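This report concerns only the one structure given below.
Per-chain numbering from 1; labels A, B, C and D assigned in written order.
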Amino acid sequence: MSINTFGHLFRVTTWGESHGPALGATVDGCPPGIAIDEPMIQRWLDLRKPGTSKYTTQRREPDAVKILSGVFEGRTTGTPVQLMIENTDQRSKDYSEIMEKFRPGHADITYWQKYGIRDYRGGGRSSARETAARVAAGGLARAALAELAPGIEIQGYMTQIGPHGIDRARFDAEEIGRNPFWCPDPQAAEDWAGYMDALRKSGNSVGAIVEVVARGVPAGLGAPIYGKLDTDLTAAMMSINAVKGVEIGEGMAAALLTGEENADEIFIGPDGKPAYSSNHAGGILGGISTGQEIVVRFAVKPTSSILKTRATITKSGEQAEIITKGRHDPCVGIRAVPVGEAMMACVILDHILLNRGQIGGAVGETRGRIG
Amino acid sequence: MSINTFGHLFRVTTWGESHGPALGATVDGCPPGIAIDEPMIQRWLDLRKPGTSKYTTQRREPDAVKILSGVFEGRTTGTPVQLMIENTDQRSKDYSEIMEKFRPGHADITYWQKYGIRDYRGGGRSSARETAARVAAGGLARAALAELAPGIEIQGYMTQIGPHGIDRARFDAEEIGRNPFWCPDPQAAEDWAGYMDALRKSGNSVGAIVEVVARGVPAGLGAPIYGKLDTDLTAAMMSINAVKGVEIGEGMAAALLTGEENADEIFIGPDGKPAYSSNHAGGILGGISTGQEIVVRFAVKPTSSILKTRATITKSGEQAEIITKGRHDPCVGIRAVPVGEAMMACVILDHILLNRGQIGGAVGETRGRIG
Amino acid sequence: MSINTFGHLFRVTTWGESHGPALGATVDGCPPGIAIDEPMIQRWLDLRKPGTSKYTTQRREPDAVKILSGVFEGRTTGTPVQLMIENTDQRSKDYSEIMEKFRPGHADITYWQKYGIRDYRGGGRSSARETAARVAAGGLARAALAELAPGIEIQGYMTQIGPHGIDRARFDAEEIGRNPFWCPDPQAAEDWAGYMDALRKSGNSVGAIVEVVARGVPAGLGAPIYGKLDTDLTAAMMSINAVKGVEIGEGMAAALLTGEENADEIFIGPDGKPAYSSNHAGGILGGISTGQEIVVRFAVKPTSSILKTRATITKSGEQAEIITKGRHDPCVGIRAVPVGEAMMACVILDHILLNRGQIGGAVGETRGRIG
Amino acid sequence: MSINTFGHLFRVTTWGESHGPALGATVDGCPPGIAIDEPMIQRWLDLRKPGTSKYTTQRREPDAVKILSGVFEGRTTGTPVQLMIENTDQRSKDYSEIMEKFRPGHADITYWQKYGIRDYRGGGRSSARETAARVAAGGLARAALAELAPGIEIQGYMTQIGPHGIDRARFDAEEIGRNPFWCPDPQAAEDWAGYMDALRKSGNSVGAIVEVVARGVPAGLGAPIYGKLDTDLTAAMMSINAVKGVEIGEGMAAALLTGEENADEIFIGPDGKPAYSSNHAGGILGGISTGQEIVVRFAVKPTSSILKTRATITKSGEQAEIITKGRHDPCVGIRAVPVGEAMMACVILDHILLNRGQIGGAVGETRGRIG
């Protein structure tokens, strides 16, 4: 079995390889009547596309999306939406190095072991290029959210690159778009620039942590026990290339807390709705949204294609060394920020639809009232 | 939509509430011909059941499993296996406190908001009692693995309780079953006992970290891009009550590494198969198993039912205080260890079946050979 | 892979064998807040249960349903509903005949070939007893429909037994409950009684046709292209034991019509809604309900357990003869009527929930208005 | 929820509209290593494409398929296969007639009611053009079957057009490809030509019956209770545009038989495997294949776009008359033959993969031996 689809009701199937003619997302389950056109999706793709700064791969791809189906006269029809991105920069190059050898830390060896046939050109299906299709689908999800649940805002940013983390006391949301690292701390952004310059020149790469926050998400989303909102978000993030850990709210640090510390106390807010003294929960209790900010964090490992010599083996079973030339991201976490946002948008939309299916009524309507 | 099923081919649907007449797991997709009986499953339930030490809830439940279908003359028939556990200790008590008030940090408020009807007795569906059904299903999965992939071993243990972690230099697998904490470090186990005694007396609770390892898993398991082995394991663990973070291999710390450090170098092992210099990957590359140990870690937040006074609100919208009496786990992470093992067993079995469906042939067979 | 679940959002997993301790349905996705208790479900089981007339099997089963989960204080909670029916009349008898030999026309041989292990007692999982679980789930679906879409009426009846069909000119809905054949034509019911008496005495069995009609179904239900309302209804009916053909509206006879004859002309009805001159479509166009009566018809083959001698083979590959004694239905189609109704109820409820998930709003709400 | 996917492990999602830029099939779950190229798929599309005789629509479409992903160096890689067909003959024409009015017997009105937005150009998503994507996916399924289960042959043909059926005594498989009707009876083919000429000139249309047979299918395929082979085949056929009835083996006529007549007696064949005296079952017992021919039959209603005047209503709710000009199939059943074959190929491949997932081993391997 092969599983290239995610989502329960808003279902996205991504297809395509790094160096094939095209890649894309087949989206089934988008509600009808949503206003959408190519520029509305392109906007998000432009944020992820390679080559926008010296800190990302220098491959040149316009990542221009085409809507092939499911939209008529500027609105979704309720039928599948096909979003296609043609590959243009399939540079003819010498692949002999990775054709025969496996890059340590890369999916080269496991794809070969599993499938016995491997599109070695640029990583084939295991390439981060696949995430362009996710961002396209996320653009459609955002358009649907804008109509179905207008108040929702989704924002991703980086909190750490290698050993250098942000200082949350300096957090400034306005800063995020102003530097090539999606960094909310202007001081950290400067430090990272210096660190990354040196790293890039040395031919090495580094890991990172991305945080994605959703504000304005109504209470009541999540389908316990095995379709909890946090479960689905965690799976969505873990499915992104190179992710090795995912946290909700307090995350791994929840292990350090006592019950007294961890309990987000509840009050009646000025709007008569529940308000909380803190958000250790990351906006989710029992797998269901509380109405607070949804906070997800994930760690991206360093790119495995590096200019450093590492021991490896060949397909024919001989010991070898490898050093990977080419156009690679020194910190693939940077380009994972728009991808994390896209996954957040898709999961929240999916759960809004799920909630309607079980609870009915308007978006985000719940059955239990307080007060 | 309600989602109480997990798994692709080995599909487990859990049902039942903390204080209903029974709970259980409906398992569809278990291969036919697997030797199984009630004691083989009971063995694992006995490890999870409450009241086995002073560090877990004092509720008394025999957690006796009955096989109601799918097994004939000691072997599975290929039809659904119904595993039922009757609740016996549904102690008649005063629920008025949590009937009207929401425990901070608990699913009380979100279940109420979402469903408008809530089985407040012992947490209803959101109770950790649900995990008994998972352990039963895990027992069946282990029996299937024993026949289909005999070499696989799954072991869980705790690495941290509150601020106290184990020292990996003292790691001793034999020690795990000898203390009430599944602790592989005898010194840490002693420290934990003292810490937990004090905590329990104070009426507080604490978080923990659980690590689950699977050895002998063949290379080639995992269904990229959205059914990756790590994605499915992460979702499985995050679906357990109170889990807030999940890590594969290096986990969140992967952010700290350079590509050079992170690259697990590859050699030809003495058996002619690939061998690795390290296991930052946690046994999974590109979502597919490498043949190394699979390493998953998750953080469990502290129990929210505590004897400490916290601010909260009532269903009718009034400000209030709550202090939760009753029989609760001071560290629910302890009982999560057998649950984590069960989820690991279910996911690995599921991926063995998935791999047969796509690749065919014997268990763990892959198509690409090395050497 | 084993598939014992049907439905998209209202998902029913049936489990259990003819002669095991119990059988049942695990129902996930029932909306919360639905009023339900055991008598409301028992009512429908009593219509299907064996031994109610001399024309059905003389096995005595009370078919008493127990609700084990998902209901609290008389209402569904939105969590899985477990409906269990204990088997009581597992008569100790001599199974040596069918233990070694395969009944022609029965699943004996294919279950053996597929699974290599077979619960031969009463047919095991392939027994029509499995349909009791469907009827229980259908009872829950009807309760949900009664609240979500109050006007819907579902009625099944027989239109043919062997060579004897009803005369539609004599159709009288009141008659259906008055005879042991669910026959809407009093004259046919008399003829059938005579025919069946002779057939039963001869030890033979016979096929039948069942028609199930749903009135009051709103327009707009159905999820093209592969979850069309007619596709799902057809699959639901074909999954019932012994069914060999399914028709929607005109059915196979649609082949005989010209386009001019087949076109159900459209008018504006007295209520301002579309009205149709005829219903060749059976209430479904393009897989979506029109608001007319939904009409489904299915053929049930004759019971294969008969007192007639037939040639067969044994498990060890020897030629043999078989004659099946025991308590069998001479026309299993009779007891399929409540089963067909139950499947109709489940599918319609499922599509009401699906429609809410995609279109949103109240039950049966559609987006396009006419006039 | 929108459902544009079919299959369990070999999953086909079709997308696209009649007059959009392109349509296609996203195929997930095709095993790796299957030899495939565009001509191998084109061959089947050429059989279905419009305009090949005067008895089908005169729309001119080359229906040229492009493989955009999932194939490398002539073999499938185990990743999603994207099959795209560009629309070329999107003739600019006057759609005002069906833009405002609903064709009786067509999905026009239900799509409008459901979605509130409708691609009226050529029927949009409800057009039979969607079936081109099925035929493309079926071509891939056939290629996989050719490698995984070499002996399987799938053949479709027509058995009835309007009142004129074939004479099975004259059945000649060689004849099927020799006439424009896929008719196995040369005499009937001649009669049909005359009948259709007259019908076409009168501007009317007519229904038909298609039969699809699969030979060489191994015993043991099918996933009871809700993924039976006959259930899945029936659903597959019913999902084709305009189908109103589906039969397996004896079909609706099973109602006429006694148990004695219906029982296909079992013998030991010359190869030591079970052999049957007859095939009332259509090759399926209890939802599992017997090894005999699989026989499926379905009725296709007449095209609803006709040159006859019919009463209808407009979107604004006014009474009207409609007469549909344009390039339509006088008997859409003719072009349904390759579509039925494609669905048969997809379902059988899917069940071979399902069987491996549950039973394991080589293709079609079963666990129970006879003799």
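Rule of thumb we're sticking to: a contact is a pair of C-beta atoms (placed from the backbone, for glycine too) under 8 Å apart; a residue touches a chain by one contact, two chains touch by 3 or more.
Everything quoted here is computed from the prediction, not taken from an experiment.
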Larger contact count among B-D and A-D belongs to A-D
Top of the farthest list for subunit B, CA-centroid basis, is D
In whole angstrom, the CA-centroid distance of subunit B from subunit D equals 45
For the pair subunit C and subunit D, the C-alpha centroid-to-centroid distance in angstrom is 26
Taking each chain's centre as the mean of its CA atoms, subunit A sits from subunit D at a distance in Å of 39
So subunit B residues touching two or more other chains come to 1-5, 9, 14, 29, 32-33, 78-79, 114-118, 125, 224, 353-354, 357-359, 367
Per the touch rule, the subunit D residues reaching subunit A in their complex are 1-5, 9, 11, 13-17, 20-24, 26, 28-30, 32-33, 66, 68-70, 72-73, 75-82, 84, 114-119, 124-125, 353, 357
Subunit D residues touching subunit C in their complex are 1-6, 8-9, 14, 102-107, 109-118, 125-126, 130, 160-163, 199, 204-209, 219-220, 222-228, 230-232, 234-235, 238-239, 241, 244-268, 272, 274, 277, 280-282, 284-290, 297, 299-306, 308, 310-313, 315-319, 333, 354-355, 357-359, 366-371
Subunit A residues touching subunit C in their complex are 9, 29, 31-33, 78-79, 148, 224, 353-354, 356-363, 367
